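Same chain, two partners: chain A is paired with chain B first, then with chain C.
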Partner chain A sequence: MWAYIGRRLLILPVVLLGLSLLIFGMLQLLDPAERAALYVSSPPKNPSALADIIKKYGLDQPIYVQYVNWLGRVVKGNLGWSKTAGQPVIDALKEYFPATVELALWSFVPIIVGGVWLGMQAALHHDTFIDQAARVFSIVGYSFPTFVFGLLMLLIFYAGFHLLPPGRLSDWATAIVYSSSFHRYTNMDTIDALLNLRLDIFWDALKHLFLPALTLAYVDWALILRVMRSSMLEVIGQDYVRVARAKGLSEREVNTRHARPNALIPVATVGGLLFVGLLNGAVITETVFNYHGMGWWAADAALSLDAISVLGIALFSGALLIIANLVVDVLYAYLDPRIRLS
Partner chain B sequence: MPTTAPAATASAPAAKNPDTFVYATYGDPESLDPAWEYDTASQQVVMNVYETLLFPKKDSATEFVPMLATKWDISPDGLTYTFTIRQGVKFQQGQDLTPEDVAYSFWRGMIQDRAGGPQWILLQPFFGLDVQSFKDDVVTKQFNGDWVKAVQALEQLITYDNTAGIVTMHLKQPYGPMLQILANTWGSIVSMPWVIQQGGWDGTPATAEKYHDPTAEADELYKVMNGTGPYKLERWAPNEEVDLVRNDNYWLKTPLWDGGPSGPAKIQRIIIKNVPEWGTRFSMFQAGDADTVTVDQQYITQVDPLVKETCDYTNNQCTQVNPNGTLRLYKGLPEVIAQPIQFNENVNVTGGNSGLGSGQLDGNGVPPNFFSDINVRKGFSYAFDYQTYINQVYNGEAIQAYGPIIEGELGYDPNQAHYTYDPAKAAAAFQASTLKSADGKSLWDTGFYIQYVYNTGNDQRRVAGEILKADLAKINPKFKVSVVDEPWPVFLKDQVAGRLGLYLLGWQEDFHDPHDWVQPFLASGGTYAGTQSFPKDLQAQLDQLITQGVTASDPATRAKIYAQLQNLSYENALDLWLVQPEGRYYEQLWVNGWYYNPIFGTDIYFYPLSKGS
Partner chain C sequence: MAVTAEQPAWSAPIYMSQRRRLPRWLSTLLHNPVSLAGIAIVLAFVAIAILAPVLAPPPNPTNPMIIPNDGYMAQPQPPSARHPFGTTQGQYDIYYGVIWGTRTAFEIGLLVTGLTVLIGGTVGAISAYAGGWVDEALQRIVEIFLAFPFLLAALTLAAVLAPKLHNGLLSGMIALVVFSWPSYARLIRGDILAVKGRDFVLAARSVGVPGRRILVRHLLPNSMYTLLVVASLDIGTYVLTFAALSFLGVGTEQGYADWGQLLSFARNWIPDLAKYWYIVVYPGAALLLFVLAWNLIGDAFRDALDPKMRGYRAG
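After this line comes the complex of A and B, so read on.
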């Protein structure tokens, strides 16, 4: 297994180099004046300003010069300046990624727990009202446009009942979190609040996370439910489950101790990919809830043609994807001893 | 309906977070350096932290009161401005304000002159009306590339005397809008020792070049502020929010105008939140977590049912419209924005240009000089249904623009001749066109095809194109317009390169003076006119009048010149002028003290505000 992990990690820089070349090449399809528009929000008053900006940012240099310059800085740990984030790309990653991880964690738990439970109920009550209801409930969530559902939640719970606000923290909590009296260990508000023993801030951060986490969960429950349901249906028809029943075990014991663990294997695969997707940012959910994480930043950078940010985000996401897939593979082998990584 | 002043509203609810004012809007500052920034989001912050020598007198866009200067004198020839600098003023980090700080602030800005920045506005009065760039036009052209001599010359144009407490400015030519431009954010005063401490220019000519045209992030004042104003910067989380806190040691003890604010600001904390998603902004407003939000025209029907009282911004009198409402609305605010459909009289077709179709008058395209025919331009101008546009796009809250000079400025005449929707006159103009197809047929008989281009996502501009397209087709079905959107980068590139034939772009004034309107739209080097290829003799006449207008000191003389320019724009149908919109401002009922000054545009001066029922 260790050799397998080593090999996968070794290809990481090769993949990232290819990815950066691909994106760099694609950006060259835009001419320098189009790329300079990032720095010009209205037609420049001085007719030569656009040409000056192109020169200042080196956009008129040959592609290989621009690439080598950029790569040279990356090797030294400098991913460049993000115009859209208003800070170095590295700092922006340090700020926005933890926000997204926090949202992913708080939504992933309900996605898995809820999806597995619903999937089990649907399978155990196959073709009954419960099965149909669970499937309809999740399919509605899957087909509901995320921004509509998110806005609906905001209008009901925030505008209507004045609960569960958007953003990451209330203004009073923001003032404390960014003051010298509060130490930011992880840039994840709930965790930092606990480490600073500030339960009021923890509660405030949780209130802000509730709706975006619910929105993400509602969309993804359908996926987990369907995987779990079909997997469970397959497992409960297996011989060893029948044997367990024949041994006189209770239905509950049969389902939870014998059927469920095996039915969870495909859920682990799907869940792993889902989690990686969440870590890359939930563009619509983060935008609707004004939650400044990776998805929100990536969308802003792409729409603004902020090449440096796009490159930084792509490299980071690429690395994340490779590592996460590796973790899922390892986890898969752990859950199913029959699988051997080679 | 009862009419009251808003502060006297008896039934206003208790203020939520009485010490904090939250403004939810969209847009993020590009920089907090007053010399670098040139966007409204940055100016929103800068105008509340830094201060200028003079300041608009409350809601007047043409009268000024002394701010960091206590008085100023203008020499009879209009070439020398002498400012007496206020004593006892301290910057937020404790430095005393000196005349040297004032002179240094202007030197530093003009030397910095970053590409695409605001410094051309200051360079022109000091170095000549044709100057656009310190490096290219001053250092290179006027001083043969000698930076030291150029900076020495600049330091002679703006001199200071710390003992006498004065700063003197020597202009290259009289400049009508001088006081206007000094009252804007690029006229903000910084502390010289503090800037040097931040790694900025030390004030010596020998080192100046190094500080020219920095990127935003390389600029020493990109993210730090130290002004003399009523608020201090506490935190800027880019793309998220800007937090300001009250400057408890604010120097202003006596109101600058009758009834004006004085002493430390009443609201302790200001939060300017960047919330691009309308649904989220609206929810914040409904929940009372935002004291005011930016409401775009298309969303006013959602907000209006929540309005309790509508107020007249000119006298602050309010009328109750809904007893259960929770908001106050000011409407009819004359915005300093105009958007014309522009004609390019000689389109750049290098390498081909699909915007002109076949590129010739054959019914499937137009030649590059299509709009050089005045009858074509007049035909387009008579063909557009202005009132439908105003009703559809602005819900009736706009006035038709008659030319580059907007209402409220010198030279604007409400009785100015202008184009109205008149299909018969449009048809007559097109029939009078001298343009012929290759086989000798008239424009009317041949027809044409052209693309109308606007930037992607701008629905107001899209609707203008759709109306023009439909109206032209009604006049003659052979007149075909295709409404095409281009992403902003492509649109900008094409506009700057003169590749667009028919397109819509807007302008928001930099300073409240007609010069800031005729220069971009009519001058040969203007932002827009520069790519429209007006006829040479007309262009020469326009340039001459523009110079006369900006250098005249007598307002009556200036008004006459600008009226002449406005009329020339009409007579020659240089652009298809659409509208000057009227804006709206919504606030919670517990907010007091807001007033409208067109100079601020949509930005808010927080100092006079307070919260409380």
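After this line comes the complex of A and C, so read on.
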């Protein structure tokens, strides 16, 4: 197994190098003036100003020179300056990634708990009304365009009832969080608020998290529900479940002690991959709710053609994806001894 | 199931059951109320797309995809006799956009799916058939593409291409194709590798059938089938993703008949959405129904093709 993990980790730098080349190649489709547009806020009055910018940032150099320069800095740990975030890419990642992790955590727990419960109900009431209702609920869920669902939530709870606002914190809370008296341990607002014993800020952060977390959850419940349903259906047909029932256990005990633990194995894999997906930034959800996390920043960077930021985010996400996939594989082999990694 | 039960055991050698698979899934689809609803909705959208010139006569028949605008007022206007679904900011008629947007949806769905299958299928087939270093290299390339977060990748490429091509629709579709083929390549590679070891392929090889012929005559037809099914059910997903690109601002141009484009106007009116609900609800409903229809068919399909589910129901 260690050999397997080692081999997978060896591929990581190769993939990341390829990824950076791919992005660099993509951006070469733009001419230097278009790439310089990022650095000017209004059209420059004389063409020489633009030429100066092109020269200053080395945008007219051949692609391999630009690439080697960039790579040289990255190897030294400098991912460059993010124009869209207004700070170094590393600092922007430190600020926005925790926000995304926070959103991912707050939506992941309801996704798993709700999905597993719904999937179990569907399986135990197979082919009845409950099963069909769960099915319709889940199909509608994963057919719902995230941004349409998000807009509807905003329409009802923000514009309609003035209850749950977009953004990450209210203005008053932002002022406190960024003041010197508030210690930011994790950059996750809900956790930092609890650590600073500020329940009012915790509550404010929670109010802002509710709608985006619900939006992510509704779209993803379907996935867990389906996996749980089919794996539960498979398990309750097995001999050991029949034995458990034959020896006189109550239906509840059979389900919770014998069927459910085994049915959860596939859920663990799918859930792991889903969490990785959430960590990679809910681009659309964060944009709709103006929630300043990595997904929001990614969309902003891509749309403004902020090459340095796109490269930074892509490398970070790519590494995260590969490592997390590996963790999920190893976890799967651990949970299910029949699986051997090779 | 009924089909197998009616058939006497002696008349069902392997090749017969192979041949019977087609009517079986088709009958499953046609007998399942869920997939029937999906098929009905897709057919309704086809009818709307065909009848668009009748349902919403274009004022400028040479370029019907541009939504006519009634003045230039900034505020959206509520539904009225003149504009049954209301208007967006800039007074684009939402009803017109929803009707003609159906054509855009089919265009995106069919073109993107077709091209992705073609590229993914070709790369996957080459990878599986050639094996060795070719396979190794292609798999690494696939891995690189899959490591790139999909939306970030598609957004960046679409944003790069749009000023070059002066065509948001085309650049959005290219971006989707460029970053969607790798998963199909992986799928078909796995399928071909599974078929490659089967007896009929060994038989063909042992009688001296040349390699390319084995690939085209034996391997591809056997694996292409799964790929086509999976891909055709992804049409809804592609339309959805393209709408997301339009919504974020890199898809079609303002005023183009496209659901995502219409929805993107809503971003400017979020605090007032309760008043301007129609700018979200109508195009949003069209998009949801379109995607839902494909997923309803797909859901029944997966059940029909999944041997585990079949075993459970039969037993």
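One rule holds for everything that comes next: the second predicted complex is superposed on the first by the 336 of 342 C-alpha atoms of A that agree within 3 Å, B and C clash if a C-alpha of one lies under 4 Å from a C-alpha of the other, contacts with A are read in each partner's own complex, and residues count from 1 in each chain.
The rule is simple: a residue touches a chain if its C-beta (ideal position, glycine included) is under 8 Å from a C-beta of that chain, and two chains touch if they have at least 3 such contacts.
Keep in mind that what you see is a predicted model, and the values were worked out from it rather than measured.
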Q) Who does A:Met26 touch here: chain B (first), chain C (second), both, or neither? A) second
Q: Answer with first, second, both or neither: which of chain B and chain C does A:Tyr67 touch in the superposed model?
A: neither
Q.
Under the stated touch criterion, which partner chain does A:Ala299 make contact with: chain B (first), chain C (second), both, or neither?
A. second
Q. Who does A:Val283 touch here: chain B (first), chain C (second), both, or neither?
A. second
(Q) Is A:Val310 touching anything from chain B or chain C once the two structures are fitted on A? First, second, both or neither. (A) second
Q) Is A:Asp52 contacted by the first partner chain B, the second partner chain C, both or neither? A) first
Q: Quick one: classify A:Phe182 as touching chain B (first), chain C (second), both or neither.
A: neither
Q: Examine A:Phe137 and indicate which partner it touches, taking first as chain B and second as chain C; both and neither are also allowed.
A: neither
Q) Where does A:Thr84 make contact in the superposed view: on chain B (first), on chain C (second), on both, or on neither? A) first
Q.
I'd like to check the shared interface: which positions of chain A are touched by both chain B and chain C across the two complexes?
A. 30, 34, 151, 154-155, 158-160, 166, 287-288, 305
Q: Under the touch definition given earlier, write down the residues of chain B that touch chain A in their complex.
A: 17, 20, 22, 28, 30, 39, 115-116, 120, 132-133, 136, 213, 215-217, 235-241, 243, 269, 271, 273, 275-277, 279-280, 282-284, 286-289, 488-490, 492-493, 495-497, 505, 508, 510, 520, 525, 527-528, 530
Q.
Taking the touch rule as given, give the residues of chain A at its contact with chain C in the complex, in rising order.
A. 11, 14-16, 18-19, 22-23, 26-27, 29-30, 34, 135, 139-140, 142-148, 151-152, 154-156, 158-160, 166, 230, 233-234, 237, 280-281, 283-284, 287-288, 298-299, 302-303, 305, 310, 313-314, 317-318, 321-322
Q) Touching chain B in the complex: which residues of chain A? A) 30-31, 33-50, 52-53, 56-57, 81, 83-88, 151, 154-155, 158-160, 162, 165-167, 171-172, 174-175, 178, 287-290, 292, 297, 300, 305
Q. Considering the complex alone, what residue numbers of chain C touch chain A?
A. 34, 140-141, 143-145, 147-149, 151-153, 155-157, 159-161, 163-164, 236, 240, 243-244, 247-250, 263, 266-267, 270-275, 277, 280-281, 284, 287-288, 291-292, 295-296, 299, 306, 308-309, 312, 315
